[in-house]
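Each structure below is given as structure tokens.
Each of the next two complexes has subunit A plus one more chain, namely subunit B in the first and subunit C in the second.
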Partner chain A sequence: MNGRSYLFIPGNSAGMMVSSFVLDADVLIYDLEDAVSLDQKDSARHLVNEAVRFLPKRSQCWVRVNPLDSPYFMKDVDALIDSPIDAFLLPKCDDVRFKDMYAYIEATAKRKNVHIKPCVALIESATGVFTLPKLIKLNVSGLFLGAEDLSADMHMTRTKGSDEIMLARQQVVLHARVKGIVCIDTPFVDVDDMDGLQYDAIKAKQFGFDGKACIHPKQVSQINQLFGYSDEQLQWAQGVLDMAKKHADVAVFNYQGSMVDRPILLRAQHMVDLARKWGLIHE
Partner chain B sequence: MSKYLPVRPYQPVDEYSPMIWENKKQHRINHQVQWLDDMNAMLDALDLFDGMTISFHHHLRNGDAVMNMVMEAIAQRGYKDLTVVASSIFPVHQPLVAMLRDKTVTQIIASYMSGPVARAVSEGECEAACVLQTHGGRARSILMEDICIDVAFIASCAVNHRGDISGQHGKNACGALGYVMADALMAKNVVAISDSRVEFDAPSIEYTCVDMVLMVDSIGSSSGIVSGTTQLTKDPAGLKIAHLTVDLLDALGLVKNGLTYQSGAGGISLAVTTFLKEKMKQKQVVGEFASGGITRALVEMLEEGLFNHLYDVQCFDLDAVESLKKNVNHHEISASMYANPNQLDNKVNQLDVVILGASEIDRDMNVNVTTGFDYQILGGSGGHADTSYGATWSIIVSKLVSSRIPVLVDRVTTITTPKDDIDIFVCDVGIAFAKRHQALAATLKQTTRLPIVTMEELAEISEKLCGKSLTIEHESRVVAVSEYRDGSLLDVIYQKKKGD
Partner chain C sequence: MIVSKPAVAGTLESNDCYVTVLPNHSSGIQLVIRSIVMQKYGHLIEKTIREVLEEYQIEHVSLTLEDKGALDFTIKARVKTALERSV
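Our next item is the complex of A and B:
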């Protein structure tokens, strides 16, 4: 599930969908919820269902379905449960809502005799943040912070410094780490402020997020760069792995003056695996 | 009256022979230019006849008023069967359509054609097949007298007391007048049509070439030289292509001191120039020159010391016009010096790299920028084939699928630039090299992060997205031909199917 950039694509835009696979986002999130007006909910679902089966696949592909209390949630799940998407992104989650949505998805998968898709929880309400300890006891595959709805729910004013969402960011990362699942930071909504995006993404990375949402393709490369690895980091990781092959008979060895033990070796392997997946290094 | 038409089939040429040419007008130093202020008096003074060949230039692009002004006056006098040799035709030249219909004009020879006239030609409204040349090929054909011009009507931004012509002065200054210099040197009669009489040195065209000056209220509007094709793309896929292209140039070792560079005026090509600028700054390199149609982006690079010289055959915006006027390292050159294949010291032969667009490209890398898939004429070579031949690396940049129409096709509708002259295709899905560069492609694939693919892989993705292209029917009549820069016949353009 690990990605650096998570790009939202409106589910009602055929033009944007058809070029989405070339935009270098690690995860494309086809959106059936906020980006789609009520009169286009059915056509968007149909379009997304066709697109995920038809378009060349170069990234992971998630779908943000409509909320549980809408008339569309079940239709979205019914349509997409047997499609080749990689995950459902479930909106407005708290422990109870996630449990109910997951139950429906699980039952639908069983009924259609297909594997259940991983379900990522969008945390965008005070209750969502507050019930994280209970939520991570459920079958949640990732946590995704949605700061805009959260701010409205918390009566907060959103600022570019994002101090107001510090607690939520920390809570999301903390609980993702406890559970051992991926955590994704909220999008930076001023798409013309690239310096602001840089600042916000650096902050999110410092908090420990694995990646960040994008609402415009031009945000992708900056986020990929920030949440990826530098050439120097990859050279170090590859060097550690090369050295480990030479010292296969010892548990601890020295590389560039530092001790390498099993956790460091695993970290280097993880970096190289991800970098390969992201196309940063070749076979 | 027989019309000009290339017949010799295109063959790849490694090296051209030098042009043997003499400026027959240079001795006319005591020559007196005739000054007129009335169109009818001007036409009376010329020896006009049915079947004559007259020429115009397109430096004012869609702001040009001279061609319409002259053609309407000639049409009123009832002359027929004219060949119009215009360096380009734009939508503003719509009045020509009626003249095609009443046979005032029976052939057009141009390097680019768009708008209502192009539509009329595509629909078979022109009696003889039109000829779509390259910019360099046009200069060659005029200087070598394959095409003989009876009268060249030159929209002149300014004239001075001697009758010299300048593109850089006057109320409608449009900058370089590179495309009309061959006409001025070779036409039997040259009429400068101007709305500004001012004094200046260093003319674009010397008075020795000029027979008459006609002063008019307005030659058009220089603001029309900026067109929609000269805007930087905002399309994320287009921007990705531009970034990929600059990364590719870097990987090929081309972002270096002494770089010689040209780009087309399409949105993606302009984005490449913008990103190249950043890369050159980052690597602290200085290019030797950029050439061709000059834009603000290139002017800024000259002013920031990223290029030593600009060689300008046409200004694409008013910043370029201003720069040409004030910057001694911004040089006006003729179309012959720019791209005439038989002028061996031409600028295109010195290019390291050219970045160009495509309406269609096929698996062999033939490129079409002349027609749509439906045989509708949409443009023309301009300098496409010239620069592709001359540059060490000719790089085509385009989305793989544009507005749900595939750019990569089995066979291009019209060959504008032959496969022998194209090296690389960069699209939003990846980078493909011509077959002759496969060893290099394999090396780059192994040693860089560039998404190197084959044309076959791209074709597979394109077909998955768009389906198999249908064969579009056409009428049997040939309405135009695509002429290679050396005067050979590259391809024919059929009349659009009626009712399409």
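Our next item is the complex of A and C:
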């Protein structure tokens, strides 16, 4: 499920949907929740459902459904459970809400005799952050930080420096690593401030996030670049793997003056695998 | 399914279409399609609409579709939405 950029597409915008599949986002998230007004929920559900079955697939495709306590959650799941989407993004998650939403999704998949989709939890409340230790014991496939709702819930003031969400960022990454799942950082909402985006994305990467949400297509390439690998990094990784083949009979060897053991080898392999997936390395 | 009240769906934005359905209890299926690509794709738009009507087992309806370059999936989605809103 690893991606660098996760682009939100409003679920009722046919035009954005048509253009979305030519963009370079690693994951497209069709949004049935906040980007859709209440009187268009039915319309968006139909549009997303038809789009994911019709449009050519270049990226992973997720759908953010409506919250459990809305009248739309079950309808969203019922419509999309047998569609070719790659994951559900579940909003307003804490351990209890996630468990209930997952139970409904699992039961629906069973009823329709289809495989259950991976479910990614959107952490955007104080309870969501606080109950992460319990949440990762459930069948969660990824953690996604939503800082805007979290800030409202925590009575915090959002700043471009994002110091106020440091604890939440650390908690999300920590629990994702304990569970061994992907973690995605909150979007940078000022779409005209590209320097701000750069600063925020670098910070998120330093914290350990695998990728970052985008709310505008123009944010995608910058995020791909920051969360991807440079040519030098990939040359190093490929060099490590090449050297490992020559030293298959030893556990530790030297590459460019540095020791390479199993963790380093795994990291190099992980980098090359992802780079291949993102089209940075061609066979 | 019976169309029992007027309903609309979609928008007049680029790549979208605007669908209006009206009850019509005995005159069969009456379609009006307006599109700048009517000559080239009108028959395909009509085919898509008729497929949805068949799926919903609609026998009587007056349906108008104002096309702004919608792809097949958008036409299907907007027609389905309008029909479900008309019940």
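Assume the second predicted complex is superposed on the first by the 283 of 283 C-alpha atoms of A that agree within 3 Å, B and C clash if a C-alpha of one lies under 4 Å from a C-alpha of the other, contacts with A are read in each partner's own complex, and residues count from 1 in each chain.
Note that a contact is a pair of C-beta atoms (placed from the backbone, for glycine too) under 8 Å apart; a residue touches a chain by one contact, two chains touch by 3 or more.
This is a predicted model, so every value here is computed, not measured.
Trainee: State whether A:221 touches subunit B only (first), subunit C only (second), both chains, or neither.
Mentor: first
Trainee: State whether A:129 touches subunit B only (first), subunit C only (second), both chains, or neither.
Mentor: It touches nothing on subunit B or subunit C.
Trainee: Is A:65 in contact with subunit B, with subunit C, with both, or with neither (first, second, both, neither)?
Mentor: A:65 sits against neither subunit B nor subunit C.
Trainee: Per the contact definition in the header, classify A:181: touching subunit B only (first), subunit C only (second), both, or neither.
Mentor: Neither partner.
Trainee: With both complexes superposed on chain A, which partner does A:18 reach: first (subunit B), second (subunit C), both or neither?
Mentor: A:18 contacts both subunit B and subunit C.
Trainee: Considering only touches as defined above, state whether A:275 meets subunit B (first), subunit C (second), both or neither.
Mentor: neither
Trainee: Examine A:55 and indicate which partner it touches, taking first as subunit B and second as subunit C; both and neither are also allowed.
Mentor: A:55 contacts both subunit B and subunit C.
Trainee: Thinking of the overlay built on chain A, is A:47 touched by subunit B (first), by subunit C (second), by both, or by neither?
Mentor: second
Trainee: Does any part of subunit A touch subunit B in one structure and subunit C in the other, and if so which residues?
Mentor: Touching subunit B and subunit C on subunit A: residues 15, 18, 54-55.
Trainee: Along subunit C, where are the residues that touch subunit A in the complex?
Mentor: My answer: residues 9-11, 13-16, 70-74, 76-78, 80-81, 84-85.
Trainee: Tell me, which parts of subunit A touch subunit C in their complex?
Mentor: Where subunit A meets subunit C, its residues are 13-15, 17-18, 42-43, 46-47, 49-51, 53-55.
Trainee: So in the complex, the part of subunit B that touches subunit A is made up of which residues?
Mentor: Subunit B residues touching subunit A: 236-237, 239-240, 243, 399-401, 404, 428-429, 445-446, 449, 451, 461, 464-465.
Trainee: Show which residues of subunit A lie in contact with subunit B when the two form their complex.
Mentor: Against subunit B, subunit A makes touches at 15, 18-19, 22-24, 54-56, 216-218, 221, 279-280, 282.
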